[in-house]
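Here come two complexes built around chain A, the first alongside chain B, the second alongside chain C.
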Partner chain A sequence: MPRATLDRSADRKEAQLSPPRRSTRRADFRARTWVGWGFVAPALLMYAVFVLRPLFLTFEYSLYRWDGIGPSTWVGLGNYGRVFADRDLYGAILNAFELILFFSVIPVGLGLAIAATIRSIAASRLALIARTVVFLPQVIPLVAAGIAWSWLLSSTGLVNQILSAVGLGGVTRAWLGDFSTALPAVGVIGAWVLLGLCTLLLLAGMTKIDPALYEAARIDGASAWREFRSVTVPSLRQEIGVCVTVTVIAALASFDIVYIATQGGPGNTTMVPGLEIYYLAFSQREVGLASALAVVLMVLVLGCVLPIQWLTREES
Partner chain B sequence: MIVTRREALTGRILLVLLMAFTVMPFVSLFVTALHPSGTYPLGLQWPDHPHWGNFVTAFRAAHMADLLGSSVLIVLGVVPASLLLATLAGFAIGHLRVVGRRLLLLTFVLGLTLPFEGIITPLYYQTRDMGLLNSRWAIILPLIGLFMPFSVYWMRAHFVNMPRDLSEGAQLDGAGVWQLFWRIHVPLAMPAISSLAILLFLWTWNQLLLAIVLVSDPTKRTVAGALGAFQGQWGTDIPLLCAGSLLILAPTLAVFIVFQRRFVASLLEGSLKG
Partner chain C sequence: MARRVRARAGRPLLVALVTVGTLAVTACSGPGGGSAQATSTPTSFSSAPTCGTAAVTLSGYFETGFPLPKSLTEEFSKQYPNVKWTIREDQFAVITQNAPRVLADDPPDLMRLPQVSELVKDGLLKNLDAYAAVYGWDKWPASQLAQMRIGPGGRPRGEGSLYAMGLNFSMTGVFYNKTLAAQIGLTTPPSTLDELDTALAKAKQAGITPILQFNGGATGGLAFPLQNLMASYGPAGPINDWIFQKPGASIDTPSNRQAVEHLDRWIKAGYFVKDANALDYATMMSRFIAGQGLLMFDGDWESGNLDKQMAGKVGFFLMPPAQSGGKRAAMSAPLTFGISTKAKHADCAAFFLNWVATNPQAREIAVRVGGSHPMGPADAPMPTVTPGTVTASTLEAGAQIGKDNGAMDFIANATGAIYAKSWTPQLQKLVAGQQTPQALLSTVQHDYESQVGS
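What follows is the complex of A and B.
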């Protein structure tokens, strides 16, 4: 509100100088602030009809038991109780958290290490080519990434071929079909998709760091590790925050990769909330339960993203 | 900057490894696509007689021409409209400073992190009640709404940094808000608008969830949605599936290679703002 008072006192000062202009400017100012609503209205309408209304309906559906066709029965918070009592449902949520390790921790950690190593040659021609190449996974449909990797990770795929070639023939298997390796294998696909993005974001952040900081560290005889810890990481607070936010959302809300690569199987070992919602709502006709899981998923995403934002933006 | 030669060398090796890791799936897809249809080739193995015809077979089997046409229609339905609505709203919130702009911005920001799965169920019943189910409108209209939070936020970030003198000068010349918007602000916003256009194109083209839930006929879906169906149909014929995947990748890859600088810049900027 101080802004409004400032405007008003400025207006007043102006009014003393030239009284006739004051009223027109005032009227003009007011007209513009309301004309603006005409500009916002179309966007707001589309957003309200196709996002806010469904969002509200998700909450409403989640309180009923409904098969999508017949009459619905009020069950209060019953559906939420089922989400947290049913091993298959909360298992999907736990899987999503396990995926954070692959979608977030590995790309951000590895991305930091790679970016720090290639920082000194960031302007070379090789690095410029690399900038384009490592971006490919961001451009292609995740569906295609899923198909390509299902093939790589299959029993006759390239991954097993390489393992056999280096004498690890004993561990080869159908990675996406094995109960113990399916979830990590899905995680590897996600890591592949997100590693390039994280590396480039962090590298872009590093090139903005004042080189004098590095010079000073070197003159003080700091080791590469010390330099990384005391100069690089603290200066990249914001970029790291962005990477973590984007990748955590990608992990919790994953759908495309799992849908293509494993469809949640074998068993339920790679089931994630997004896919479970899809199955519950459209195959098992448990619309209420699907909606309750959807609400839990949205709350989880917000619950993870808000603290990350708060922690990394604190200073600015 | 003090750079030792050893550092530069490890950097180069690491870069090459990173690129190899990124490209590996594409190479594997390509080599496999050349094997005789219906066989189970070993990972990376150049075939004795490359079957280039697989691409033609896959193109026909997947009704690729229809799919590409359908995706183009959907992109044309989503992107220009989203750009227009978002630019108008971003201008009003960022530059005109409408009454209640904080609340408006907050309302849009609320949707920034929303996973599409969160509202897909009601969206299905809503499009059904609107009689749009199984038509391309069922993908186009919800996508415009779903893209609004990011797009408005993006355009507002541009307009909020435009100097106010610019508008005041024009206002003294007697230009109305509408002319001010079209004659002065839209031309100046072109870089922001075109970056947003690239992002929206990618997100529309690659959209899977909305396509498989809201449209049951694969030839009316986006390419990504159709690829899902194609996998179900041809999942056992690996060389054909690989050929089909490559064909579906080709258009985005081509666009990416032509506009690569802009793409990389927009994507980096896009994730920083989002």
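What follows is the complex of A and C.
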């Protein structure tokens, strides 16, 4: 069996390598185009049915007032007006932007530092352990992470126990239930989850950097910091771009962690658009308003991610 | 070369075609609108419907974690062997989200229901008036069925046709830890609000957490003590009118303001557990069972559980009135089940509901497994319960509420969004000292009007 496979692949290679005969080239091309479409068709169909269709339906729903079952009323762009007029709704969007600090800035910044550190001790066993430990949160389901962290951050949880043990009993509180700390506490969970992904991506990017650059920098007498700033970071432009894109989307479209840890409370301080859309559509049965918020969220995500892509694209 | 260009141009063209196609399919008319399936007009029966003698399989959609409906269906099948059940279970939150779609697309014969107004508005629930007439449900105490009666078009609630039925009806009040109560000299339940305040102050002084109450996440549990305080300061009727969306009803009344101010005093005095805004229901229960608090505002669905886990160490009393000798009121609600408009075996399901309320074994199960008062005629035989248990005192409380006509629905049930959108965040703000009692009620009333008026 393996032999047969090998043979066949060898045949194919040969067929590809031999130049096509001039007379049949045109017909060949046309046939190949159709075969190409044939291969793409299943995926395209799935994409149309499961991505494009819901997208257009969402946009359509957003123009109606509808409870999901009964008759709907055309309200034009009225639902969009409500999204920007209702403090609860646009407040959720503002919270999502605050989460970017925790979901993007901290994981990417800290990830760069950790990746650089791990690279400098690349040969030792410690590097392997560090890499595994930092990446571990990425393997744990978000729901499990949310539950574990809500225990850690509870009034009798490990975080408060440690604070009390080092004499900081005065600052202990129910971190997820306090108006001033709930959103940062949720942010910390997100940072913990996304740090591993960023570190690993950046570390992989670092292995690509030509060692000669570092050598040249060292000969020129560059300090470690200068090396990091002038060689490492610019070479990781694309990887940083990917990290920032993925984490910004995670922040703006966050749902699971918030749903598990605080459900948007206390007093809507941790409400995010993803959660609000879910509540609107399934609890309050305002499918139109939920769809409008979803469309706004999508536009916002694109509005944030496209400039990042443009800024970090490879200059050629 | 030219061909290559054309081949390239073909791609966006196809995408555009798919796009236009999808748009054309969807954009013809507004979504929904299929609710023309009018609720079948109530017919009358010449004789009471039964499940017959032929084999029949009823489909049920019940709530996970509550064994009562399943116990009842098992007993029912024992008495009527021709009836079998296919039962699907989900958490209540899931049932709430799925209810309209399930009733429309995959109609069960019998289903645990969330708030019913919207379902009736969409014509998804069977009108039970004809069954009520033939089985004599309309001769039961009216308060048992009031919450399940709905006016035409889904509003107001509390009057009109019957659209659901209870398996039993639950009662809320105050559970207290007898051991801790003895430590502060509280041997008999307080009979006025002042006495309750004194007990709370004593507990605080003795270093005991006076009130364990959940108020975290999306479920503001302080609505329990708040509504109890409302009923201490004022009559239950206007609160029910507000919940039932009667025209002109308001929650922002002078007596309700006194109630929120009283609650605010409790918060400021530190009577509530410190991390109330992070406490969920399950954590509250486990802490109360572990003896970490004196009081807990909760319902008799926990009676059986508490009798088992804290046997003899826990008591129950109804919220005392502000004035000595005043009437008592409590949140009390039936465990609602309904029949889909499209149910295949509606008659048999209705027969089952009638059997639950009238059959002695079924009534016994309603109390023993469900922990709450069975539905049915006022003179129906009551199952015996062990004296001194919490179950016994909650059943007694039920009788008292019946006498004082003090049954209220829950303020969280006024509209579909009022609990998550208004009560919960507002009460969490009150706990954090970020909201005043006056603004709390006016905000909730404002939200209510925008939801009801729309």
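Structure notes:
Rule of thumb we're sticking to: the second predicted complex is superposed on the first by the 289 of 316 C-alpha atoms of A that agree within 3 Å, B and C clash if a C-alpha of one lies under 4 Å from a C-alpha of the other, contacts with A are read in each partner's own complex, and residues count from 1 in each chain.
By our rule, a residue touches a chain if its C-beta (ideal position, glycine included) is under 8 Å from a C-beta of that chain, and two chains touch if they have at least 3 such contacts.
Keep in mind the model is a prediction, meaning the values are calculated, not measured.
After overlaying the two complexes on the shared chain, residue contacts for A:74 are found with chain C alone; chain B is out of touch.
In the superposition on chain A, contact of A:158 is made with chain B only, not with chain C. By the touch criterion defined above, A:273 lies against chain B but remains apart from chain C after alignment on the C-alpha atoms of chain A. In the superposition on chain A, A:147 makes contact with chain B only, not with chain C. Once the two complexes are overlaid on the shared chain, A:305 sits against chain B while remaining clear of chain C.
Shared-chain residue A:136: touches chain B; no touch with chain C.
When both complexes are overlaid on chain A, the residue A:249 reaches chain B alone and has no touch with chain C. Looking at the shared chain after the overlay, A:179 reaches chain C, while chain B stays out of its contact range. Ranked by how many residues of chain A each touches, chain B and chain C are led by B. Residue contacts after overlaying the shared chain place A:282 against chain B and chain C alike. Shared interface residues of chain A, touching chain B in one complex and chain C in the other, are 33, 44, 48, 52-53, 57, 61, 68, 282, 287. Chain A contributes residues 28, 32-40, 42-44, 46-55, 57-58, 61, 68, 114, 117-121, 124, 126-127, 129-145, 147-149, 151-152, 156-162, 192, 195-197, 199-201, 204, 211, 214-215, 218, 239, 242, 246, 249, 252-253, 255-256, 259-260, 273-274, 277-278, 281-282, 287, 290-291, 294-295, 297-298, 301-302, 305 to its touches with chain B in the complex. Those residues of chain C lying in contact with chain A across their complex are 3, 7, 14, 18-19, 22-23, 25-27, 30-35, 96-97, 100-101, 104, 118, 121-122, 124, 215-219, 274-279, 416-417, 420-421, 424-426, 428-429, 431-432, 434.
Against chain A, in their complex, chain B makes its touches with residues 1-3, 7-8, 10-12, 14-16, 18-19, 21-26, 28-29, 32, 40-44, 84-86, 88-89, 91-93, 96-99, 101, 104, 107-108, 111, 113-126, 141-142, 144-146, 148-149, 151-152, 171, 177, 181, 202, 205-206, 208-209, 212-213, 223-224, 227-228, 231, 238, 241-242, 245, 248-249, 252-253, 256-257, 260, 263-264, 267-268, 271-272, 274. Touching chain C in their complex are the following residues of chain A: 26, 29, 33, 44, 48, 52-53, 56-57, 60-61, 64, 66-74, 88, 154-155, 173-179, 262-268, 279, 282-287.
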